[in-house]
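In what follows, chain A forms one complex with chain B and a second complex with chain C.
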Partner chain A sequence: MTRPSVRESRDAASDVPRGERPRSLRRLAPPAMILAGALVIVGLSFLLPPFRNYQLATVGAYFCVTGGLTVLTGLNGQLSLGHGALMATGAYTFALAQNRWLSLPVSLVAAIVVTTVAGLVIGLAAARLRGPYLAGLTLAVAVVVPSVTSTFDEIFNSDQGLSVALDPPPGTIPVEQWQAWLCWAGALLSTSLLAVLVRGRFGRDLRAVRDDETAARLAGVDVARTQVAAFVVSAACAGLSGALFAVLAQSVSPGAFPLTLSLFLLMAIVIGGLGSLAGALGGAFLLVALPTLAQAVAEGTGSPRLEGNLALVIFGVVLVVVMLAAPGGLASIRFRRRRTS
Partner chain B sequence: MATDDVATDHVATDHVATDHVATDHRPDELGLHHISVRFGGLTALDDVSLRVAPGRIVGVIGPNGAGKTTLFNIVSGFVTPSEGSLTLGGRPWRPRPHHLNRLGIARTLQGVGQFNGMTVLENVMVGVRGRHAESEAWTALERCGVTRFAGDRPGALPYAVRKRVELARALAARPRILMLDEPAGGLDADEIRWLAGLIKDVGITVLLVEHHMDLVMSVCDEILVLDFGKPIALGTPAEISADPRVTEAYLGTAA
Partner chain C sequence: MRRTATAFLAAAVLLTAACDGDTGSSGAATPGVTGTEVVVGTHMPLTGPAAAGYSKIAPATKAYFDFVNAGGGIHGRKISYTVKDDGYNPANTQQVVRELVLQDKVFAILGGLGTPTHTGVLDFLKTNRVPDLFVASGSRSWNQPDKYPGTFGFNPDYTVEGKVLGTYVKENHAGKKVCFLGQDDDFGRDSLAGITKILGPVAAEESYVTSNPNVGPQMGALKAAGCEVVLLATVPGFTALAIGTAAKIAFKPQFVVSNVGADPTTVGKALGAAAPLLEGVVAANYLPLTTDEASPWIQLFKKVNTEYNGNAEFDNNIVYGMAVAYLFVQALQAAGQDLTRDGIVAAVQKNGFQGPGLVPLRFSATDHAGYGGTQLTRIEGGKAVFFGSAYQTDDGDAPVAPYQGQAVAPPSNGIPQA
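Up next, the complex of A and B:
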């Protein structure tokens, strides 16, 4: 008896969802996504005023880290409260490298490499921990890393931080527009790589480990290695993000990477949609938009003291509302609408 | 050299070949030699020996707490025996859970161990290494009659379908040894008949832990009976059903 071919059996199963695109189209998706994204960003950057371009650049820088955190927490189930510290690692490495060699590509690579190594070390420890113990470890990282700058103040210049030497933008391009291009180039490249990674075997292994470690082991997944790999990938993204923030601020200081940054990042990916790169983009947008909204509200009420705390309050309220209305985050609302249409 | 390395060295890594019977050199014979397991003062397994010959279907039965799942956990590498050793293909072997798949050993879990954040197709693909993961997964889904659920999340499916999906994941890697831990639990008579047919037709070594006696008696070539961790009988289904020690273990009275 001849067995029906895979395609025949698929066709015979009439109610198999047909949402999957052909493999050739799926392969084309990441480059197409980069190209479309780049065109939109370049177009927008010509239309927006300088401050909005700066905000656009900030969204791009945040998108790098929220994308990586989505892989770690959303897809692999490892909670990190220390990604702000990993960003600080990337930012300081970038600043030191840039001040020494004044080469943007070299400094960016150095920031990614050093943060990746830091992520590997944390990941090796994290792979042995679960739940609150893992959260405690990453929280300790978030607390310890900024204090390192005070301990080794000859290198990191303590609370004052370091200024970052940068070449002027090429030609007559305004600084903010150049920053937007740079940050979004990093964001699009890193998230496209993440998209390719999570679509394949690595992505399935990540989610398998998140959903059932025992079943994943029996299916041949090396749980510890997968968890460490997730941390490494996520740390690399955080390092890039930190470096881009150093480009944006043209300086780095421990005050730019407080513990609340790590909490904001976590809230952002939960609100955006845990486990979805589109949700990571939504989260990055919120990280820029909500403080701006808080500032506007505080200015409206004439209370400068309110301004410092209102962003956290607004983030908390948005988190509660989104979790009540759409537990899967903003990305799940988009998905549900598409399915019902 | 570690003993598990000895076992993995001779294993072919390309196990997605279409004609796997002709090219597959992965071992399909399993041996447990004087295995004992103690958890503190509790002896979960006491001097258990068993040889599962290639292509044979061997059942492990016993009352609750007899040590059946502990025996599976030993073979899966989740529990290290206090005494005794294991062999795979006649060679000393120290199992590790995530190496089983590569060695051609698949195991299902009691209940359903599934990845609810993935579709059924992705669930099955997790069990397959190599470039042909998707086609192998479709083949396994087809074999278990669940292709039409390929795009669904397992959590939303009936229990019997989820059991089939778990079987599909185990079969997708084209194992040489299949370990089934209470596969009939929670299934109705029709599903159990289908399962019996699958086990008989699968054509590979099967180690089966099950409480459903009709299933065990109808599919197994050989049955090991455990009681409080001790092996009390080993034989064909006819021999086991006639053994008074087995009746006593199950009913608590002498036959």
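Up next, the complex of A and C:
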């Protein structure tokens, strides 16, 4: 019945999401959160040089998917190794729609809708599976992406992928600044929607199902429906994230959504703090910062061949250290300090 | 509230802390150019499925620049070459090219390698008005002066090469069953387009993707189709896979290989003990062969390789890397003392470069393709040797015609003058 791979981190983090987390969320109304976040981002986007703006935008795009994943895995206890594939679904849909109609809003909506449908299908299957079988199913989804793109190469153009037609940013806004605004608009909207969802009845259902399915069923919670709904919500976020990545890269290819991406996403939310949106933000930041750090270190050693592999090592080490020092993830560190002060 | 705010603040602080290194940029009009230095960058597969052989190109280019720098540089500027590994993954290319342009502020991208990888950054480079010189691939995408005014090829495009290889097959293997195995992207498609222009439709056609290192099904299908000549549009690792796999299933057609996948040293190394299978393989080349000791170009490049490249094993990749560097130095000379991005694009379009190539470069205001032809080689005794004459053609309907021009020698000090 239980999902062993999630169990430990969930137990460790359980105090946070179950006890204090909703209350602190309740204190902060989503409009205020959007406003505060938007102010910080707009301010930063004017201060930062272009490449940092591009990285800031990448953090925003990651935040969409880590936010959705932390709700699915942290609050509902469903382990997904396939979110990279859902992002690919969003990215390819965005690319195809954009190349056909060249309308950013239409393509974004199309990406979210198609990924939501994909998430519904996977979610329906996932709700019948537990533990390693669920992980196996989502793993298969992640692995199948390159094969799909080379089997249907007339649509997806195999390993080379598709280039994405994009209109230049309005007015004289620099491209990277525009990308940062776009990605963070998506990130703030989706995560504040998530915040609203998880602090209401839906959030309580999610946690009830995660903690004890039988008890939840006795309490009148429709377990399967809750699990499918969690997957669908999470998939919609992944689809948006994938579309934003297509905007950032101006191209989509299977190499952008490898299995390691799905694993990195999972690691990021565990390091950040499972079930916490602030943790998802921290995780998104690490997803951009750690590879950059790894690259700097690798270049320092003068061996460019190290670059590809060092990021994985650093991520692993950070994961081990964080789990030893703060089992609740980075988000729980800040929380504890505040309570003692 | 406070916690979320703290998270944002922490992210903000970290981001600003991370960008301290960027603040020192000067107000110079042309990025990457100072009075004493010009910085260029590239993306290369130093790891991954295409690293075999290709990873030696960038160090060779760099070695030639070091040689030029030791002689005082060009117009008083030393050339600094920043190489980033993209693992032949288009997604990584996006990342590293942004880093080169936005963070390292390179003057130009020089010799970015790969059709699928480089295709994805064309728009980005155009938006940022970065000269995109001598792309290390023969895709026809680089030759779109109207759409990408700053992008120039180097290799003969795959269609030109396909037409030359097709002509060889037509003249020497008439009436035989001709088949094709190509990479499932513009590389394979452009090559096949050239081949079919000369030969008409091939009897059987297979493709592979670099993410799946198994060509068993493809070679099986070609054997079943009774192919007698197999044309390969493959990167070196997959040339070796294709020839090795064919031998395993006792399939022995005449292989005719695109230049980019035909370096005997690289493919031979990948085949290991099975390297003798390469005997008799026909390919093409448009630069001097490593084995031609009499060529003054080979003598020059060998000298640079010994002195500045740690005496790396001398193969076609090294000749390629140095030929690209030589052409870039010629372009820098032609662009003059007052180096700008528009200036170097204009200099390349003016063309007139005389270098190691066996045929002239096609560059003009309306043509951004690289070399306009190639010569056939055959592997004999483990070494590639030229046969016949060099051929010239275009990617359209121009005939494949022999080129009779005379080869030039490099200047005695090895550094081209303006």
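By definition in this document, the second predicted complex is superposed on the first by the 313 of 341 C-alpha atoms of A that agree within 3 Å, B and C clash if a C-alpha of one lies under 4 Å from a C-alpha of the other, contacts with A are read in each partner's own complex, and residues count from 1 in each chain.
Heads up, the rule we're going with is that a residue touches a chain if its C-beta (ideal position, glycine included) is under 8 Å from a C-beta of that chain, and two chains touch if they have at least 3 such contacts.
Note that the coordinates shown come from a computational prediction; the quantities given were computed from them, not determined experimentally.
In the superposition on chain A, A:Arg199 contacts neither chain B nor chain C.
With both structures placed on the common chain, the touch criterion links A:Gly220 to chain B but leaves chain C unconnected. Contacts of A:Gly161 after superposition: chain C is touched, whereas chain B is not reached.
The wider contact with chain A, measured as residues touched, comes from C rather than the other of chain B and chain C. Shared-chain residue A:Asp211: touches chain B; no touch with chain C.
In the superposition on chain A, A:Val40 contacts chain C only, with no contact to chain B. Counting contacts by the rule stated earlier, no residue of chain A appears in both its interface with chain B and its interface with chain C.
Within the complex, the chain A residues that touch chain B are 3-4, 6, 9-10, 12-17, 19-20, 201, 204-205, 207-208, 210-212, 214-223, 275. Per the touch definition, chain C reaches chain A in the complex via residues 1-12, 14-16, 18-19, 22, 46-48, 83-85, 87, 89-92, 94, 98-99, 102-103, 115-116, 119-120, 122-124, 127, 184-186, 207, 209-212. Listing the residues of chain A that touch chain C in their complex gives 24, 27-28, 32-33, 36-37, 40, 44, 47-52, 54-56, 59, 146, 150, 153, 157-161, 163, 166, 168, 175-176, 248-251, 253-257, 277-278, 281-282, 285, 289, 292, 304-305, 307-308, 331, 334-335, 338. The residues of chain B lying in touch with chain A in their complex are 76, 78, 97-102, 106-107, 109, 113-118, 122, 125-127, 129, 133, 135, 138-139, 142, 147-148, 150-152, 169, 173.
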